[in-house]
């Protein structure tokens, strides 16, 4: 495993070492978020999807998000990993884990990280539908009903 | 494993089957919270602790919290397990896991559940300190600086 | 005289030196019952800081004391 | 004339039919450059929906076009 706090993974991620990285004697709270591939989006049945990234820029921007979270919230550790490549229904697309002395900071930082990752990091989702169609998702700005 | 959605465990909890219970094809988001035993509380070094419960009432009240979360938020599944007995630094004291179609509901429900469990469910923490002292924690009402 | 079963937890159990006992009372409601028990065992916490449960369900302090019921005084909780 | 390297991702790559290309331009800034490229490949998304990056870092649309730079037009992202 890398010693970065944000990275892209092109294969399934083992959660045990991820969680272990967050352990800390000062940590009383651990919050995590996982994005899973759903079987539908906006009412359309989904068969599977693929994530593509502009890897160099995504790595830099993801690291920036993690640094912002560490600066804003009283944390012990924070880690985020995002899958790229082909994923099936139920697969984990993204994992965010945060440990902190207190739960407020852990929850707030976890949410901050996933919100910013979804908003700013150059990763794109290509969905294949049961009806044979497939498309890249380029959501409208937040507040206009962006999915998930 | 029980088929209840809230229970008390008198031994360490295996997270793999817990997480598996949350999986659901409609679930795009999974949020979890863990409370870990910290090495300090309010500035005092802590050696370890013990949780005691009024088991019958805790089971009923915990189940009520989970039912409230399911009623308030659009969830797929929600589970909470709380340890009782002796715990060491770093041990997991409580686990909350929620899956939902969208991440807002998953985060909000996860936080609702842990906040209510901490507020209402008859479980008490007995802390042993490095200076030889030990005490039951009976926090003041929320807002008065309740710990964690 | 009514017989009730009392359950003690956490600091109340430590102060009472026992986890349960049978108690004979003429207290009309649970608040008055707690006042008796608190005086006997020297509990530090006033009723306002506690909740009360009867037969495994939360109750109100002005509920009447029912014979043969199991009553628990619930000090502030600290799970999580 | 300035030579730049263009990178295409997601729907822009599908529309362009390639993931990168070398482009000769006289465009003074990145906004004008995108207008040229959009016209050539028929991109549906206007610049207002995109971000732009130069040499692996986000840039501004009114930044000048630097020769031999690597420029990526970033359509709305959908990770997570």
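The letters A, B, C and D name the chains in turn, as written, and every chain counts its residues from 1.
Keep in mind that, in the parts below, contacts are C-beta pairs under 8 Å (C-beta built on N, C-alpha and C of every residue); 3 or more make two chains touch, one makes a residue touch a chain.
On a predicted model such as this, the values are computed, not experimentally measured, just so you know.
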Q.
Treating chain B as absent and keeping all other coordinates fixed, how do the remaining chains group by touch?
A. A, D | C
**Q.** chain B-chain D separation of Cα centroids, rounded to whole Å
**A.** 49
Q | Chain centre separation in whole Å, for chain B relative to chain A (CA means) | A | 24
Q: Note the residues in chain C that touch 2 or more other chains, in rising order.
A: none
Q.
Where in chain B do residues touch at least two different other chains?
A. 35, 103, 114, 148
Q. Which two-chain combinations qualify as touching?
A. A-B, A-D, B-C
**Q.** In the complex, chain B residues that touch chain C
**A.** 35, 51-54, 56-58, 60-61, 82, 93-94, 114, 117-126, 135-141, 148
Q.
Could you list, by residue number, the parts of chain A that touch chain B in their complex?
A. 23, 25-40, 89-90, 99, 101-103, 106-107, 110-111, 114, 148
Q) Quick one: in the complex, what on chain D touches chain A? A) 7, 9-11, 14, 45, 49, 53, 56-58, 72, 74-80
